[in-house]
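What follows are several structures.
After this come two complexes, each holding subunit A, first together with subunit B and then together with subunit C.
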Partner chain A sequence: MLSLFIVSGLGVLAMIAEIFKFKKYVFPIVLGGLIGALVSIYMEWQHPASYPLFDNMIVFDRLALAFSGVILITAFFWFIFANDYFEEESNVVDHTALVLFALTGALMLTAYRNMTTLFLGIEIMSIPLYVLAASKKRYLASNEAGFKYLIMGSFASGFLLFGIALIYGATGSFDSEEIRQYLANSKGSVPSFFIAGVVMMLVAMCFKVSAAPFHFWAPDVYQGSPTVITALMSTIVKTAAFIAIIKLFMIGFGAMSGVWAGVLAVIIALSLIIANFSAAVQSNVKRMLAYSSISHTAFMLMVVLANVRTNASVSAILYYSLAYSLGSIAAFTVLYNVSRKGDESIDSFNGLAKRNPLLAACMAVAMLSLAGIPITSGFFAKYFVFTTMIGTSYKWLLILAVITSAVGVYYYFKLIIAMYFKTSETNEPVFFETSNKVVVVLTTLITLVIGFLPDLITGLFAY
Partner chain B sequence: MINGISINMYMVLSAILFIIGAVGVMARRNSIIIFMCIELMLNAVNLLLVSFSTLHNDPKGQVFVFFIMAVAAAEVAVGLAILSMVYRNVKSIDTNLMSNLKN
Partner chain C sequence: MLAGLLVVVPLIASLVLFLMKGKPVKNIALVFSLVPFAIAIAAYVQLTHNPDSSTLLLNCTWIKSMNVHFAIALDGMSLLLVLLTTFLVPLIILSSYQNNYDNSHSFYGLILLMEMALVGVFMANDGFLFYVFWELALIPIYFICLLWGGADRARITFKFFVYTLFGSLFMLIGLIYLYNHTYTTAGIKSWAIMDLYAAGQALTEVQQGAVFWLIFIAFAIKMPIFPLHTWQPDTYVTAPTQGTMLLSGIMLKMGTFGLIKWLLPIVPLGLANWGGTAITLSVIGIVYASCIAIVQKDYKRLIAYSSIAHVGLIAAGILAANAQGVQGALMQMLAHGVNVVGLFLIADILLRHTGTRDIDKLGGIRSMNGNFAVMFLIILLGSVALPLTNGFVGEFLLINGVYQFSPIAATFAGLTVILGAVYMLRSYQNIMLGERRDAAITFGSVASSDKWVLIIVCLVIIAFGVYPKPLTDLAEPAVKQILSVINK
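Let's look at the complex of A and B:
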């Protein structure tokens, strides 16, 4: 609860920094505030308030707190990484404020209980991101990315709202707990427009997390946006949208999984195939990471499909989102520094192992983690997801996931091979800001630590 | 029944409006018209919410409409700002010109 207030307060503070001339102190204040928010989450974790607040609008139970923690940890590293980029821009504090407001929306999504807060959380998170995606004003690519993101985002919101309206028509309520009660009482005989509403909400949420066949905007938007914003979109936004999906489908509509499970299985299968095979042929690293994020989406959706409301599946998705977010932050930080001159192709990584041995090693660990190779956290992330799927009737999907993961290994290793076995014209090290080095090394260390000790995360929901 | 008209009619009308909006977003090439179509989609939702709200005799649906209106206004404000930025760069608002992002 307190974390939501702290983050939105920081956003307002960052906005007035320009007027009251304390621009220089915004960065330390934001980092301090984020640490404060993390501490408050830790305190609330000890005594979780599982009762809803504000007329049943939000509830900060342990599920919400755990995911808020993942989002805030990612945001903490992201701010250290992005500080360097922001300094090159003329209006630093506006960007900071926009990111903080997007973060507020993300935290709201972890804790929503009413459809109103779901809708507002998504919009509070998305609208600042439209602006941020288009924030390189003079570059047409960035404008185009912002525009496409806006159109696709509002289009998806339209579907989400139509779904909410239909569900309201059937149940007479926006409260997800009351909708669950309604489903439990109706014993399967719900009006057909209720089912249409659920499917429309599923489509809208798949747009938001960019699952195929609703993924077509993602590669363009990821490529056109400034790299730091792409990092934000593929980590924090994804985690927040996922917790929203979990709460909506596993908890809210869990009782009628027969209706949406089939649709979701097709979406997952398409995402796995399209994302992995498209990523394999990309030469632009940002675009490749965009497709890789679509395939990770498919993996996370598998937990929703399994639809077993146990602590194991909650910790599987928690672990996955943390492992994926940290790996992505490391990868995007290295990419940002390597592509400073504008070349984002795989060839720009040639010979990085000779030029920057430490950072190349960190990048290699991040790639191994995203590919799911043992001893990194990515392996256990995939392992936990697969174990939740074992008991279900979707074993064909499991086989498909393993096969497409093998394709995934191919394109992640393309980057590692470029770094270690190819030579570049210059042996000059790529310039990295100290802050960026710290981010890359720290995220890599955490990736390895939670890879060695997965109990650290899975133990949170062990009782 | 609301004023002697069955609720199904209201649902059909909003569905038609919504589909016109959705098809418009996908088919039209002028950015302003695309924005108008998105507004049409959102207003179809508003109509649906208000009619259900009257049917259930429950004000929550109408309150939700206010949220949608406020958010739609914010979205269009951002959208038009991005659009004017695009116009400054290419002197056009045709979406066919926005296809530079490819591998």
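Let's look at the complex of A and C:
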């Protein structure tokens, strides 16, 4: 709970920094605040408040705390990485504040219990992102990205709201616990508009995590937005939207999985196929990572589809989001520095192994992790998904996942080949800020450590 | 203790080498690689005197939530392969002395990292650990081929990587499936090899068939077995010589070893139903690869195809699942590992001295360097399995084993002996005998490091051809144990 206060407080502080002239202290204050928030999560983890707060609006149980932890750790690395982006743009503190507000929304999503809090969380998270996507004001692509994101996002929000309204009509409640009770009591006979509501919410949430066929905005928005904002969208926002989906479908609507499971299976299959094959033909790295994020979305959705509410499946998705976030942050950091001159194509990575061996090695680890090669964390992430899926009746999806994973290897390795095999026209070393180096090295180390000792994460839910 | 050291020492050695940028590391790498061999010898002594010694085991919890153990053990069968690995790696390093690779510290570091993974694969007694080592072995060899390979290496090594990864993902699913079923037989989900055996055997016939194919594909790609071999010739030719030696000398044995330890005992019913199909594929591979080998011009490519033929026979012997077949397979794995390293070195020496490996352009080298011709001949005879060479023991047992399964299969499998003699002797004739075809090609004396490798290989070929008993004794109890599990 305290973490939510801290992060929103930081946001307010960043906004007034301009007026009270402590602009240059904002960055250390934010980092300190994030560390403070992480400490508070650690403290609350020891004595989790499983009771709901604010009239059943939110509940900071261990599930919420764990995902808040992932989000805050990612945010911590993200801020160090994005440091010089804030310095280069003019309205420094405004952007910082916007990111912090998006973060507040993300934290709310980990802990919501009421549908109104779900909606609030999503909007608080999305609206700053619409602005941030368009924050490269002089670039057409960035403006296009912001506009597209806004239009499509509002559309999805409309779906979400409509779905919530229909469900309210059937159950008379916004409280996900009461909805669960209602389902348990109804024994399968629910009004048809309840089902419509569930499917509408599924569509809205799939839009937010950019699962196919609701993914069309993602490549354009990812490519057009400033790279740091893309990194934010594909890590923190995704993790938050995922915990929202889990709470909604595995916990709230778990009892009527017969209605949504078939739809979800098709969505996953489409995402796997479209994302991996599209990513394989991209030459722009950002676009490729956008498609790759869709394919990772499909993997995480598989855990939701398995719909077994055990500690194992919760830790599976927790582990997946952490592994994926760390790999993505490292990849985007390297991409950001390599593409400083504006070239985001795969060719810009040519010969990186010679121009900056350390970062090429880290990037290679990130790619191996995203491709799911042992003993990086990405392997265990996929492994845990496989173990939860193998007990279900959706074994065909598993086979599809294996085949598309092999396609995935193709495009991740394109980068490795470019870095180690191809020679670039210039042999000048690639300049990296020390802060960015720290981010890349640390995320790589954590990727390897939790890949070697997955118990560190899965052990959290072994109670 | 010894088992643990076998994994830890190469790992530390490789890390040390990675840090030695810009220094001459050849000798250091060689010394490092001799340490695991010494440990393996010590383990051999220990095993022959006291097979139950605790120094041959290591078992500690790795990932508690999944019940994964870091469980490694040395029994007769795994020790054979560990001996092969630790014996070949120093030879491979020694054979690289004449090549000056850029960034040699990473080159040797990767070789030793690879050794760690290979030794781990052969010793693992935990399904998950086996998979991790299996995949881990792929990464160093991928980079060795990618960074130091020949023309068009990016595309070719990539094909190799995706092919093998694809197979191993299926194996992973098969293993997870078994892991989930250990709950019914062992009462707790477990990766321990014995629990996986029990879980696999408790499955129905159809389930066993499915698991058989899931796991078999991974091994078949690694070996490779027809029709999954298309990555192999290109990769072998493109890889640097040392990479090819690692691939064919040791890595290929991961597949055959996996068949014996991780497939046959798990799904005996699946084997009974599908073994015939798999043997047919192997035999087709033997004939097919031998025929292609006959018309090859590039000597390295010829050896690559001969390797497919040999491994096809090994696989057929294993899948026949009788004492002769499995025993013969183990012997042939050792012989093939040693011989193929010798042959690939010869291909490399030919290229370095004459600038070509084209069989049609070479000729009359014997008149220029008689000693080299003798050593070439010995290795070649070992490879075509002449009696009193190391190749004979295994090949004889293998054909015997396949015969017990099906005389027809054995007839076709036996063609490997004849066809092998055809392409091997034809190539020898062209390269070494006759007149010099190109006066520009000269062949001086062989460098001493190469000479030593060839001498050691020749000695091993003759020694174990004449007196294979120490190796067969080592393999026999392990083979019996595996077969008793299958026939239970």
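To be clear about the criterion, the second predicted complex is superposed on the first by the 463 of 463 C-alpha atoms of A that agree within 3 Å, B and C clash if a C-alpha of one lies under 4 Å from a C-alpha of the other, contacts with A are read in each partner's own complex, and residues count from 1 in each chain.
Operating definition for what follows: a contact is a pair of C-beta atoms (placed from the backbone, for glycine too) under 8 Å apart; a residue touches a chain by one contact, two chains touch by 3 or more.
These figures come from a predicted structure and were not determined experimentally.
**Student:** A:130 in the overlay: touching subunit B, subunit C, both, or neither? Say first, second, both or neither.
**Tutor:** first
**Student:** Which holds for A:426: it touches subunit B only (first), subunit C only (second), both, or neither?
**Tutor:** After superposing on A, A:426 lies clear of both subunit B and subunit C.
**Student:** Quick one: is A:459 in contact with subunit B, with subunit C, with both, or with neither? Answer first, second, both or neither.
**Tutor:** Touch partner of A:459: subunit C, not subunit B.
**Student:** Per the contact definition in the header, classify A:172: touching subunit B only (first), subunit C only (second), both, or neither.
**Tutor:** first
**Student:** Quick one: is A:310 in contact with subunit B, with subunit C, with both, or with neither? Answer first, second, both or neither.
**Tutor:** So A:310 meets neither subunit B nor subunit C here.
**Student:** Go through the superposed model and pick first if A:383 touches only subunit B, second if only subunit C, both, or neither.
**Tutor:** In the superposition, A:383 touches subunit C alone.
**Student:** Taking the superposition as given, does A:406 touch the first partner, subunit B, the second, subunit C, both, or neither?
**Tutor:** Only subunit C is touched by A:406; subunit B is not.
**Student:** Under the stated touch criterion, name the partner, subunit B or subunit C, that contacts more residues in subunit A.
**Tutor:** B
**Student:** Subunit C touches which residues of subunit A in the complex?
**Tutor:** 312, 315, 368, 373-375, 379, 383, 386-387, 390-391, 398-399, 402-403, 405-406, 409-410, 413, 417, 420-422, 453-455, 458-459, 462
**Student:** Okay, in this complex, where on subunit C does subunit A touch?
**Tutor:** That would be residues 63-66, 131-132, 135-136, 138-139, 143, 146-147, 153-154, 158, 161-162, 165-166, 169-170, 172-173, 176-177, 179-180 of subunit C.
**Student:** Mind listing the subunit A positions that touch subunit B in their complex?
**Tutor:** 115-116, 119-120, 123, 127, 130-131, 134, 137-138, 140-141, 143-148, 150-151, 154-155, 157-158, 161-162, 164-166, 168-169, 172-174, 193, 219-220, 223-224, 281-284, 287
**Student:** Could you list, by residue number, the parts of subunit B that touch subunit A in their complex?
**Tutor:** Residue list for subunit B touching subunit A: 7, 11, 14, 18, 21-22, 25, 31, 34, 38, 41-42, 44-45, 48-49, 52, 55-56, 58, 60-61, 63-64, 67-68, 71, 74-75, 78-79, 81-83, 85-86, 89-90, 98, 100-101, 103.
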